[in-house]
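Structure record follows, encoded as C-alpha cells.
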Amino acid sequence: MNKSRLEAFSDGVLAIIITIMVLELKIPEGDDWHSLQLLLPKFVSYITSFIYIAIYWNNHHHLLHTVKHITGGILWANTHLLFWLSLVPFVTAWAGECHFTELPVAAYSFMLLMSAIAYFILSRTIVAVHGKESVLSTAIGKDLKGMISVIAYALAVVFAFFATEISLFLILAMAVLWLIPDRRIENKLKEKE
Amino acid sequence: MNKSRLEAFSDGVLAIIITIMVLELKIPEGDDWHSLQLLLPKFVSYITSFIYIAIYWNNHHHLLHTVKHITGGILWANTHLLFWLSLVPFVTAWAGECHFTELPVAAYSFMLLMSAIAYFILSRTIVAVHGKESVLSTAIGKDLKGMISVIAYALAVVFAFFATEISLFLILAMAVLWLIPDRRIENKLKEKE
Amino acid sequence: MNKSRLEAFSDGVLAIIITIMVLELKIPEGDDWHSLQLLLPKFVSYITSFIYIAIYWNNHHHLLHTVKHITGGILWANTHLLFWLSLVPFVTAWAGECHFTELPVAAYSFMLLMSAIAYFILSRTIVAVHGKESVLSTAIGKDLKGMISVIAYALAVVFAFFATEISLFLILAMAVLWLIPDRRIENKLKEKE
Amino acid sequence: MNKSRLEAFSDGVLAIIITIMVLELKIPEGDDWHSLQLLLPKFVSYITSFIYIAIYWNNHHHLLHTVKHITGGILWANTHLLFWLSLVPFVTAWAGECHFTELPVAAYSFMLLMSAIAYFILSRTIVAVHGKESVLSTAIGKDLKGMISVIAYALAVVFAFFATEISLFLILAMAVLWLIPDRRIENKLKEKE
C-alpha cells in the first residue's frame, strides 16, 4: 500500500468536504440586510466547521508524516475517520438551520466525538504497526489533547439536551485548543535529526 | 499514457463520489428525534455506499499497483468502471428515499452488478496487456471473489422484485466479504521480492 | 510555471465536472418503472457528457504529455478550455430535462463548439511555444479530426433550430470518432525514441 | 510540513470552488430564449468569478513557487485565504440572482477585499519566514498591484450602496489588471539562475 496515494485520497476528501459546505449556504431570498441576517447562524456554523476540517487536515498530515508502512488496518482506520468527517456538511447545515437547538447541537457534538475517537484509533493503529519505540509513539505519548477532546465532545453531547450553551462553548474551546500548534511531533522529529 | 495520472484521476473521481453523497442527505425539516428518525433509511444507504466506494478505492489501488503499461484499452475499461460508480450517489439516495422498495433496490443492485463486471473487464484487460505470467495474472488467478460477487449482485437484481430482503442481505454480505482483506496480490508481490 | 501542477489542476476540474453531473440527476419522485422512464432522456444526456469529458481528459493528457515549458499563454488557453467544459453539467441537465428540444440542444452543441475551438487554440499555443519542429507540431500536423469536429459542432448549433435530430446525430458521431484512439501523438513519440 | 501537500490541498479546494459554481446556475424552467435570457446576470457573475479563481490559482502558484519552508503560520494564513475564496460560489450566485443590487454587490466586493487582504497576509508571512533578502521578498517589493487591489475592493464595498455601477467597474478593472501577467517573480527567478 502506497502512503502517498492514501494521503492524496484523504486530502481530496477533506478538500471536497471543506468546499461543498458552501452549497448548504442557501442564497438569501431577498437582497436586504434582514435576509443576510437570517443567515448568521449558518455562517457561524460554517466558520466553525471550516476551522475543524482545516485542523483535521493539518493534524492528519502530521500523523501520516511519520508513517512508513500502510497496512489494511491503517487504511480502514483512516476510512473510518473520513466517514465521520464526511458528515460535517450535514450537521453543519442542520445546526445552523435550526439556530443551534438541542438535537442538532447534540448531533454536531456526536460527529466531533466520533471523529476524535476515530482519530485516536487511527493514531493507535499506526503506533501498533510501527512499534512503541517509533518517533510517532514517543511524540504522541499519552496524547493528553486527544483525550481532553474526547471527554469534552462527550460532555457536549450530553449538555446539548439541557444546557446547549455549554456544548457550544466546549466545541469552540476545543477548536481554539487545537488551533494552538501541536509541536510534539515536530519537536521529536527535529530531535532525531 | 502515464499511470500516475490515471491513478490520480480515478482517486479524484472516487473521492468526489464518496463525499458528494452527503449532499443527498437532505437536512431534516424539524429539530426533533422524529425528524432524525425519518432519515434512518437514508443513513443506512449512505453507510453502505460509503463502504462500497472505500472497498473499490482500495481494490483499484491494488489492481493498478502491478500495472506497468497503460494502454487505450485499460484507460477506457477504467472509465467504464468509473461510469457505473459515478451513479452511486443517485441509487444511494433513491434507495434510501424510498425505504428500500423493489425497483430502487434493483437499481442499486444493478449498479453494483455493472461495477463488478466493469472491474472484472478492467482486471482482464490489464492481464491481457501484461501477459499471463505477470504478477497480477498469477495473483488474481481465477478471481473467485470477483465471480461470487457478480453472481450475488445478479441474484440481488432478480430477488429485488419479489423478496427484497434477500437482495439487501446479499448486498451487505458482499460488502463484508470484500472488507476482509484480499491478501492475494500482496502475498504474490512479497514472494517475488 | 510547473507543468505537473497545471495537469493536476486540470485533472481535478475534469474529475469534479464528470462526477457532479450526477447531482443533476434528480431522484425520481416515485419508485415505479414509470418514474424511472421519465429520467431516460437525462440518462442519455448524462452518458453522452460522461464520454465527452473522458475524451477531453484523455486528449488533454496526450496534448500536455509533449509540453516542456508552461507559459502564461498556455495557462490561460487551458483555463479558457476548462471554462467551456465547466458548463457541461449545466447544458447536460438542461438538454435532458427538456427532452432535447431546439434551444437546449443548440446550447449543448455551442458548448461543444467552443470547447473544440478552445482545445484548438490550446494546441496551437503549445505548438507556437515549442516550435514547428517539435514532436507535438509534427504529430498534430493539420489536425484533421479537430477541424472536422469544429465544423460538425458548428453545423449542430445551426441544425438544432430546424432539424434537431441531425444535431444529435452529429454530437454522437463526433463522440464515436474521438473514442477511436488517436495514435498520432503516441506514434510520433515512439518514432523519436 | 510538506510544501507539495499544501499546494495539492489548495489546488484541490480551488478546483472544487471553480467547478461547483455551475451547480448554482439553476437550469431554466423553459426551453426558449426568454428563459435563457433570465440567466444572463448569473452567467456574467459566473464568468467573473471563474476568472478571479483562475487568477488566484495562478498567483498562488507563483507565490508558493519560491517557498522553501512551510510553518504553522504559513499554513493558517493559507487556510484563511481559502476560507474567503470558499465563499465565492455563494456571493456569485447571490449577486447574479439579485441582478447586481446593492447589498449582494457589496458582499461580493467584501469577499474580494478579504481575499486580497488574506493574500497580502500570506505573502508577508512567507517573506517573514524566508527573510527580506529572499527571492520572493525582492520580487514582490512593495507589491503595488496588491495594494491597489485592496483599495479598489474597499472602494467597491462602499460604492455598492449608492453607485453600484462603480463597484462593478472596479471589480472588472481589477480582474483585467490581474489578467495581465505578473512577471515580477518570474523575472527575479530568472535573474538568479
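Letters are used for the chains, namely A, B, C and D, taken in the order the chains are written, and counting of residues starts over at 1 for each.
Just so it is clear, contacts are C-beta pairs under 8 Å (C-beta built on N, C-alpha and C of every residue); 3 or more make two chains touch, one makes a residue touch a chain.
Since this is a predicted model, take the numbers as computed values, not measurements.
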Neighbouring chains common to chain A and chain B, by label: none
Shortest chain-hopping distance from chain B out to chain D: 2
Angle of rotation relating chain B to chain C [CA atoms, steps of 5 degrees]: 90
Interface sides of chain A and chain D: same vs different residues, half threshold: different
Averaged-CA centre spacing for the pair chain D and chain C, given as whole angstrom: 27
Whole-Å gap between the CA centroids of chain A and chain C: 38
Per-residue multi-chain contacts in chain A, two or more chains: 8, 12, 16, 20, 23
Graph class of chain-chain contacts, one of line, ring, star, complete, other: ring
In the complex, chain A residues that touch chain D: 7-8, 11-12, 14-16, 18-23, 25, 27-28, 31-33, 36, 47, 50, 54, 57-58, 61, 65, 179, 181
Chain C to chain D touching residues, read off their complex: 1-2, 5, 8-9, 12-13, 16-17, 20, 23-24, 72, 75-76, 79, 82-83, 86-87, 89-90, 93-94, 97-98, 101-104, 107
